[in-house]
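Below you'll find the structures, each written out as structure tokens.
Below are two complexes that have chain A in common, paired first with chain B and then with chain C.
Up next is the complex of A and B:
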């Protein structure tokens, strides 16, 4: 028994670099050998709500898509953007993109480039990218009241007057749905406060894991309809969209989030083991100190 | 070497520089960190100028007007000011036009003189760099603080207070599961608020309720911590995935080559730096 105790106490003083290495390996191995660690993905309630809300939209409806993330949070949010655009385009929904973060422009451009051609979608008719504007909530407030005065040109500098699908919108009330792809401030919270709550427009969000606990109160209250929570949320949504496309006779390969979920799960297992070991060591050393005193 | 391969080598090098912090604070990490901050700040400033200030501020003050040759005297004077700004902006006529195009900025149809106020307030902000008149920046800051407070007051009151209070109410017509869930949430909300009520000493039954509030807060912090870990791991996976993709012959084995280079460099640096530390201790 004493030997086991000593082992645990020694584990407690393990060099942090060894822990980093083990966490690193737990991430790397599933990426190198995905077949060894493949786990099933089952959509949870909140992801299902998001899917159902988008699925309820009809052909020709207008969705405002806000890109509030950059390369640093790309692994979590970008797979959501890709899956969402697949879902919207297959249903012939018109997509209007804006960015509240400077690097959101790169993300939106990349996402459209990856998906639009697969569905034969034309810029200016089926989708438009209005680009980034500085100002945070002031931009959202402006979109809620007068989008045309805020965006005289699109992301490419083309006059809004020459974009056919922009003739149908004046403010946020002209959209059937708002979707916020958010990694922080300004993001989903500000959309709720300044646009969708005051104007009564339905909204969903896909956000980083770290934001989930702050956004969930709005979801529980119905102010936001469902939430895609971090990488697991993205993987669940990818699965739902894949099934939907399959039912329409379209086959797409598994999304990026789905392929990375094994690494996520393995890393969590390693971290949980270290947390348990750390707690056991803490209690043992505390007891030893008490006995000593 | 194509631009894509060159880009991939830079991506791999900077990623490994940042990850090298796990070993220790080192010159590779510092160089990447400073580069990241500088590039981010520069990019954000350039985007803010070209996406908002140029089209929406200057564009409203000096729009390209369709006048059919008829221009009033005041308009003519106003556009002379525009030309003065252009003269300064082009390095006194030595560079090509960029910020102030010929005849005005496209996008708006009429001059909006009200935008002179934000223009002046913006200049006041910059005057902070001149100590003698730096106090003028307070006017601009006062406007921003006042406007933001006013803007946020209503939205917070509506979305975060009133609607959240409404959701904390228990609907006794719902199913048993929902009622129990709502009761737990109600107790959590009330006891959490009691914990932050400092006008009464936390003793007796009030202290007990406050203690229950702490447990609810701890559960919230635990959930936040769990999600934070999950988020950080997701980002790590993203970086590793990219490193894996760039480790192939297609990218001239960028990852393994740069990894070996950084490990050797860090080993040498660590040995030399260790020597310096020993010297300074002695």
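Up next is the complex of A and C:
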């Protein structure tokens, strides 16, 4: 019994470098050998709602896509952007992109470059990128009231007047749906507060896992229709879009989030094991101290 | 005193009242101010704030370098990075592209082959159609950082007797064009550095939770259990955890909660063991192996935590914050709160 106790006490006081190594391995191994750690991905309710909302849109509808994330949160949110663009383009929906974060410009350009060509979509006719404007909530309020005064040119420096698909748009009420790809402030909350809720435009969001607690009240209230919560949300949406594309005779490879879910699963399990070990050690050492005193 | 104190206060009170009344007074002038002019003012001021922030950052870092303060080489790196970004953003576009026109039909396939081989273009099979469809010349979908890089390709295409033009993307547009100097800096320096910083969090979270996440009291136990359920429930592996593991954990949890009130340890042990045996026995007899009750599935419990306790807690916080904002805004508008003046 004493031996078992000692083993647990030693396990509970591991050097942090060993913990780092084990966490690193738990992430690295599933990425290097995905077949060994393949896990089924089943869409949850919130991801399914997002998918259904987008699926309800019809060909020619207009969707405003807001990019509010950067490189640090790219692994979580960029797969959502890619899956979402696949879904929107296959349904022939017109996409209008804006960025509330300066890094958002790079994210949107990259996402369009990856997807648009696969569906033969033309810039200015099927999709447009209006780029980044500074001002946070002020930009959202401006989009809600007068988008043309805010964006005289697009991200390429082309005059808005010369972009065919901008002729049908004056403010947020001209969009059929708003989707916020958000990693913080300004982001989904501000879209609800200043644009979509006051104007009655349906909206969904894809955000980082850490933001979910902030956004969930709006989702429960119906002000945001569904939520893609972090990388698991992205993976679930990728699966839903993949199935949808398959039903239309299109085959795409599994998205990035799907391939990274095993790594995240293993990392979570390792952290949980460490927490349990730490607590066993805490219990044993506390008892020893009590006996000693 | 008048310029530094009274005028800013008057401006803040005036603009604050106007913006507030704009939501209640149906007057076109006031509505236009609130909905359009004020927002554009804000955007202009916010743009200037970036300049001020940059200058302030430069000043602080330069002072550190000049005074050779602790870790000054990092400051030198920050200034160099800043200078490089300014150079790539304002002085060197590095976003050249080639437009080819007057292409003979018989040359389309050889040109496509050369472009595919030299530039590793995505979806080469679509290039011939794009060349045929282009009216104002075909823009090769590749950005060259230097003119000489583009000229090498142009030399290879010269044999086809096509009209070639070397152009540059517009200032501003060059920033996000994949292949330009600025974009190269973003995707090859900023992007990996930023991702690395964020990824390090995983290691710190693991180490910190191992050391600090302890069952010290009831609240800490609740936090720990909710944390573990969320961590497992959010990922696919949570679905693979069988119902009986959750059943055992529930019995353990109940035992941990009731233990302080039962002094006899043998009694606690017997209750927990008996509880587990009873729970599992009932479960197997009821056929939970095939259709387990929802309450014993980790993802379902995790969804419940998100939908009810989390939502309730977040709402309470949001309402509190909103009331705080109303109170602070009112104090600013009536001139009581002057912290924005540095007081």
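Heads up, the rule we're going with is that the second predicted complex is superposed on the first by the 293 of 293 C-alpha atoms of A that agree within 3 Å, B and C clash if a C-alpha of one lies under 4 Å from a C-alpha of the other, contacts with A are read in each partner's own complex, and residues count from 1 in each chain.
As a working rule, a contact is a pair of C-beta atoms (placed from the backbone, for glycine too) under 8 Å apart; a residue touches a chain by one contact, two chains touch by 3 or more.
Small disclaimer: the values here were computed from a predicted structure and weren't measured.
In the overlay built on the shared chain, the residue A:243 is in contact with neither chain B nor chain C. By the touch criterion stated above, A:55 is placed in contact with neither chain B nor chain C.
In the superposition on chain A, A:117 makes contact with chain C only, not with chain B.
Contacts of A:194 after superposition on the shared chain: chain B is touched, whereas chain C is not. In the superposition on chain A, A:141 makes contact with both chain B and chain C. In the superposed pair of complexes, A:287 makes contact with neither chain B nor chain C.
In the superposition on chain A, A:41 makes contact with chain C only, not with chain B.
Once the two complexes are laid over each other on the shared chain, residue contacts for A:230 go to chain B and to chain C alike.
Contacts of A:6 after superposition: neither chain B nor chain C is touched.
Considering which of chain B and chain C touches more of chain A, the answer is C. Chain A uses residues 20, 23-24, 27, 72-75, 103, 105, 131, 133-135, 138, 141, 150, 209, 212-213, 217, 220, 229-230, 232, 264, 267-268, 271 to touch chain B in one structure and chain C in the other.
On the side of chain A, the complex with chain B involves touching residues 17, 20, 23-24, 27-28, 31-32, 72-76, 102-103, 105, 131-135, 137-138, 141, 150, 152-153, 159, 192-194, 197-198, 208-213, 217-218, 220-223, 229-232, 256, 260, 263-264, 267-268, 271.
Considering their complex, residues 22-23, 43-44, 47-48, 51-52, 55-56, 59, 106-108, 151-152, 155-156, 158-160, 163-164, 166-167, 220, 223-224, 227-231, 233-241, 244 of chain B touch chain A. Contact residues on chain A toward chain C in their complex (touch as defined above): 14, 16, 19-20, 23-24, 27, 39-42, 44-45, 70-75, 103, 105-106, 109-110, 113, 117-118, 120, 131, 133-136, 138-139, 141-142, 145-146, 149-150, 155-157, 209, 212-214, 216-217, 220, 229-230, 232, 235, 261-262, 264-272, 274-275, 277-279, 282-283.
Residues 35-36, 39-40, 42-43, 46-47, 50, 122-123, 126, 169-173, 175-178, 183, 186-187, 190-192, 194-195, 197-198, 202-203, 205-207, 209-211, 213-215, 224, 227-228, 231-232, 234-237, 239-240, 299, 303, 306-307, 310-311, 313-315, 318 of chain C are the ones touching chain A in the complex.
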